[in-house]
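One chain, chain A, appears in both complexes that follow, with chain B as partner in the first and chain C in the second.
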Partner chain A sequence: MIPPSDYPGLSQHLLVGAVLFCLGLVGFLARRNMILAFLNAELMVQGVALNFVAFSRYRGNLEGQSFVLFLLTVAACEAAIAMALILVLYKNRGTLDVSVWQELREDSLDAVEDTDPLPLPAAQAPMPPLPTAGLGPQQPEELSRV
Partner chain B sequence: MDPGSICAGELLKEGFMPPIGQPFSFSFAEGGMNNPVALLPLGAVLAAAFGLFLLLPSPKGGPRFLGYLIVIGALVAFVASMARGTAFSIELLLQQIFSAAAILGAVFLVTQANPARAALSFTLVVLGTSGLFLTLGAPFLAAANVIVYAGAIIVTFLFVLMLAQQDGPSDSSSRSRDPFMASLTGGLLLFVIAHTVTGDRDRFSVVGNQSNPAPVMPARVVEEQSGRLDATGRLAIPAENTAFLGADIYRHFLIGVELAGVLLVVATVAAIVIAQRHTANFPAESSEVKA
Partner chain C sequence: MFELSTETLWLLLPLIPGLPLMAAALVAIFGHRLGERSHLPVLLAVAGSAIFGFLALMHVRGMGAHQAPNAVFNYANWFEAGNLRVDWELRLDSLSAMMAAMVSFISLWIVLFSAGYMHGDPSYPRYFAAVGLFVGAMNILVLANNLPLLFLGWEGVGVCSYLLIGFWFAKPEAAKAARKAFLVTRLGDVALLAGMILLYRAGDPVGLSYDTIFSHHYDATTLYWALVCLGIGAFGKSAQFPLHVWLPDAMEGPTPVSALIHAATMVTAGVYLLARMLPPLAGHAVTAAQLESIGAFQDLVLVSGGVTALLAALIALGQTDLKRILAYSTLSQLGYMFMALGAGTTKGNVECHSLASAAAAAAVFHLFTHAFFKALLFLSAGSVMHAMGNVLDLRRIGGLRKLLPITHICFLVGALALAGLPPFSGFFSKDGILEVLEQGAHSGGSRDGLQHAMLWLGLITAGLTGLYTMRAYLLTFWGKERIPEEAGHHAHESPVVMTIPLSVLAVPAAFIGLALGPTHLFGHFIQASPGWHAAETHAFAWKLAAVGLGAAAAGIAVALALGDRRPSRKPNGLAETARSGFFIDDVYTAFFAKPLEQFGRLLNFLDRELVDKLFELFARIPGWLGESLRPLQNGLLQYYALAMALGLVVLIAMFTLAR
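For the complex of A and B:
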C-alpha cells in the first residue's frame, strides 16, 4: 500500500505553482501594457505546467508530462496570434496601452480617467564638452625646423 | 508495465478521487476563527499582497523600499517553510533555489515599469520552472520549456517591444489599473488555493493529513505500481524520459498530436493574415482612396 502523502514535495510544488499563478493574475489585472498582460498570462501557464509535472511525478506516470507538451504547443500558437493582434492594435492607436480601447467596456461602467500627472523623465546627465568639429586643440609648435 | 495506463476515469470509478457534486464545506469551525495561529497564513499572504501593491508602478510613487522589504521577506519565509519537516537533501536545496528564482522573476515581471526588463525577467521564471521540471524527473520538458519560451516567445516579444517602445514614462508602463484590488484578489486566491492544498480540515486536501488521510489507491493500481518504487520508496518514473514520453503520447494521445499539428498550421496562417497590411489585399479600395 502506498499512501500518496509519502511524497513530500508535492504540496510544495503545488504551492509554488499557485504563487506563480496568482502573481500572473495580479499582473494581468493590474498592468496596462498589452504585451506585459500577455506575458503575465504566460506566467499563469507556467504555474499550471508546474502543477501538471508535479502530479506526474506524484502519480508515477507520464500523463502530466504529456499534457504539458500539448500545453507548450498551444502556448506557442497563442503567442503567435496574440503578437499579430497586438501589432494590429498598436498600428491603429499608436500605443500599447489597453486603456485607449476602453470604449469597448460595458454601458454600466464608468470611463477610467488618469488624474495623476506622469512623472517627468529622468534628467539626462550633461554631455561632456567637446571641441567644435574641425578645430583641433592647440598643439605646441614643433621645435625642430628643417 | 505500461507507464501511462492509469487514467482518471478508472480512478474515479474505483473511488480514488472524491466524487463530483458533493457539497463543498469550507469552515473555520473547530476553533479556527478563535485560533490566531490558524489565521497566520492569511495575514502573511495579505501582507505579501500589500507589498506587491506598493511595488506596482504608479505615477505617484510609493515607498518602494518597503514593498521590496515585505516581498523579499515573504519569499524568504516561503522558501524556508519548504524545508519544514524534511531532512536536508541536495534535491530539497535545488528545489528551494529554483522556486526562489521563479518567484523572484515573477515578482519582477509583475512590478517592473520598464517592459523590456519585465520581459527579460520572465526568462528567469522560465529557467526556474525548468529547473523544477528537472528535479521532478522531466528533463525533456525542461529543455522544451527553455527552447520554446526563452528561445522563441520572449525573443519575439522583445522584438515587438523594440518596435513599439517609447522613451520615458508612458501611460502603458508607468500606470497600473486598480493595483490595490488586483493584489488583494491575487492574495485571496493564493490563500484559498494554499488552504486547499495544505489545509488540515479540508477533505479535498490533496496530500492528506492526520484527521483526514489521503484516499487510498485502489488495489489494482497498487498492484500495477508495486515493484516500481525507487530507493526513497516513491513511485519511480522511467529514466528514459524522452523515449517513454514519445511512446505515451503516440499511444494515448494520437488524435491530440494530429490536432496539435493542425493547430500550429492554422495559427501560423492566422498570424500572417491578421498582421499583414490589409490595404494590399484590396487594390480596388486603395485606388478609390487615391482617386
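For the complex of A and C:
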C-alpha cells in the first residue's frame, strides 16, 4: 500500500538510480582492471543509495536517508579494504589485470589464456635519491586499457 | 531317603549349566594370563556341575515313582512375543537328571584327559573356553523345560561343535569339516525350528513348555508333521541317515572333543529330544488317527535308524583309520538308539504308551552306556594317537599292547562293551533294544512287519559290530609291533593325567550295564518320569539275548580268524566302496553341492555383471552432470559476476511473471 504523496519526481529519481546501477553492472562485467572494476561496483552501490533516498522522500520519513548514511559508511570501509587487497595482489603479480588470478578454477580445466594481455609496465629504473629541491623525477604515465 | 529342599534345588539346578558357562567366560577373558593353567577353572566348574548333577539325580531317585508332575523351576521371563511367552525354566525329572549327571560326569574326565592331551598347544585357553561353553550349553539342553530353551542349548552345542572341530583351523581339512558339520546340522536345526512353530500354531498359544505340549490334543496331521520336523532336527544332530555325512569328517577335531561331543553327549541330543517327546505324546494320544500319526513317524525313525546302523557298520569295516572306525561305530550305535525309539505299536492307547515308554527307556539306556564306553574308546584312541605321533592308520601301527598296557586294557573293555559281550555294559543295553523291537514286532499292530525286519537288521548289525570292533582292537594292539616314525621319542604310555580318566571310565563301561540293566533299576528310574508309562518288570529274554550274543560272537570269531591280516593297499572294488562310505558323500557332492555351487556362481555373475553394473550406471549420473557443468567453474572473476547478474535477472523475471 503506497501512501498518498505529493512527490511527483519519484520515477525520475528511480530512473537515474537504475541507469547508475546498470552502468556500474556493465562496467563491472567488462573491466579487467581491478581498481576500475571496484569503482564500477561503487557506482552500483550509489545507484541503490539513490533509490533509498528517493523512496525516503516519497514516503515522507527518514528511514531511507539514515540507511544511506550507513551505506556510505560501509562503502568507505569496503573501499579501504578493497584497496588494501588490490595493493597486495598488485605487489604479488605486478599487474592490476584480474584475469591473472584464475586459481579458483577446477583442477581439470586449463587456464584461460589471455590473448590480449595488458602490457606489463616496463622495468623501472631504481628511484634516484631525491634532489635537494624536494622534487621527484618525471615518472612515465601508468598504462591502462579498457 | 535322600531329599533336598525345594530352595536348595532352586539354587542348585541353574548352577549345573551355570558353572561351566562362568568358567568358559573366565577362561575366554583371562586366558592369556592363565596360559598353561587354563584348564583349572573349567575342570573345577565341571566337577561342581558333576557333583550338583549327582545330587539332583539322588534327589529324583529319592522321590521314586512319586515325582511331582511339575518339578519345574521358573527363574525369569526370557522373552514375550505376541501371546507366546518363553521363560527361563528348568525341569527336574528322571530323564533330565540322568542326562545332566551323565554329561557332567563324562565331561569332567574328558576335561582332565584334555589337560594332558592338549598340553603345549598354543591355543590351550581357547580349547578350554570352548569346552566349558559346550558343557554349559549341553546342560541347558537337557535341563530345559521348553522347546525354545532346548533350542538355545541345541544351537550352543552346535556352535561349540563347529568351534572345536575347526580347532586347528589352519588345517584346510579341519576348517572344511567344521563348515560341513555346521551346515548339515543347520538343515536339521531349521526343521526343528519349523516343528516348534507348528506346535506353537496348533496348540493353545500359551507357550512351548513340555507340559503344555503334552497336555494338548493335537490334530493328527499337525502332530505327524510337527514330529517329522522335530525328527529331522534329531536326525541332523544325531547324524542319522541321510544327514549322517558330517560326523565322520568331524574327527578332524582334537580327539577328546570327538569323545565328548561326537560320541558321548552332543550327538545323543537327538535321541534325548525324541525320548523326551514320544512317550508322553503316545500316552496322551487317544484317537486312532493320533496313534497312527505317531506310528507313522516311528516308522520313519525306525527306517532311518536301521539304515544308519547297518550302513555305518558296513562302512566301518572298510576304514583303515582307528578314529574313523570309531566314528562310524558311533553312527551305528546311534542308529540302534533310533531303532529303539521307533519301536512301538498302534494297537491301542495303553499298549502304545507302554511300549513307547519301554522303547524310549531302552534307547536312553543305550545312550547312557554308550556314552561311557564310547568316550572310553575315543580317549583310548587319543592315548594311542598321543603315543604314535598322531598316526592312527591301522596299516602303520600295531602290536602296541606291551607299549601301552593301560590304554590296551581300557580299549579292550570299551571294545568288548561295544561288541556287546556280557558282562560288559553294551550287551545289556543292546539287548534291551532288541527286546523292545521284538515286543513291537509281536504287538499285533499294523507295524509288526517292519519291526520284524528291523530286528533282523539289528542282529546283523550286532554281528558286524563285533567284527569291526575286534578287528580294530586286534590290529592296534596285537601282531607285530609297528611304530610309525612320526612317534619319535613319544612312543610310551601316556602321562598319569590321561590314564586316570581312562581307568575311571573303564569301570562304568564294564559294569554299569550289569548293575542297572538286568536289575531293571534304570528302566524303573527313567520310566518314572512324569508322562511315561511305569515300567513293567518282566523276565530277562534269554532267547533273544542268546541270539544277539551269538551274532556278536560270530563277528568276533571272524575277526579272530582274520588275525593280523592288514588291509591291503591295493584298490579293491568292495573295500573301496565301503571306505568311501558307499559314495554317499560323492552323491551329495554331485547332486547338491555342485549344483548349488554352480547356482552360486551364476548368482555371483548376475550380481557382478547385471546388478552392480546397473547401480554403477546410476552412480555415474551425478558424475556426468558434474562433468558437463564443470567448465563454468573457470576461476575468472567476470564469469562469476555474470552468473550473479543472470541470477538476478532470473529472480526478477520470476517475481514479475508470478505476479
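Keep this in mind: the second predicted complex is superposed on the first by the 101 of 146 C-alpha atoms of A that agree within 3 Å, B and C clash if a C-alpha of one lies under 4 Å from a C-alpha of the other, contacts with A are read in each partner's own complex, and residues count from 1 in each chain.
One rule holds for everything that comes next: a contact is a pair of C-beta atoms (placed from the backbone, for glycine too) under 8 Å apart; a residue touches a chain by one contact, two chains touch by 3 or more.
As the structure is a computational prediction, the values presented were derived from the model and not from experiment.
Contacts of A:43 after superposition: chain B is touched, whereas chain C is not reached. In the overlay built on the shared chain, the residue A:29 is in contact with chain B and with chain C.
Taking chain B and chain C in turn and counting the residues of chain A each one touches, the greater count comes from B. Judged by the touch definition given at the top, the superposed model places A:106 against chain C, while chain B stays out of reach. Taken together, the two structures place residues 25, 29-30, 32, 98-99, 112 of chain A in contact with chain B in one case and with chain C in the other. Note for the complex: chain B touches chain A at residues 3-7, 49, 52, 56, 58-61, 78, 82, 85-86, 91-92, 95, 99, 102-103, 106-107, 109-110, 115, 118-119, 122, 125-126, 129, 132-133, 136-138, 140-141, 144-145, 148-149, 152-153, 156-157, 160-161, 163-164, 166-179, 181-183, 185-187, 189-190, 193-194, 197-198, 206-209, 213-217, 222, 225, 228-229, 233-238, 241, 244-245, 248-249, 252-253, 256, 260, 263-264, 266-268, 270-272, 274-275. Listed in rising order, the residues of chain A touching chain C in the complex are 25, 28-30, 32, 37, 98-99, 101-106, 108-109, 111-112.
Touching chain A in their complex are the following residues of chain C: 630-631, 633-638, 641-642, 645. Only residues 1-16, 18-27, 29-36, 38-40, 42-43, 46, 49-50, 53-54, 56-63, 65-66, 68-70, 72-81, 83-88, 90, 95-99, 112, 114, 116-122 of chain A touch chain B when the two sit together in their complex.
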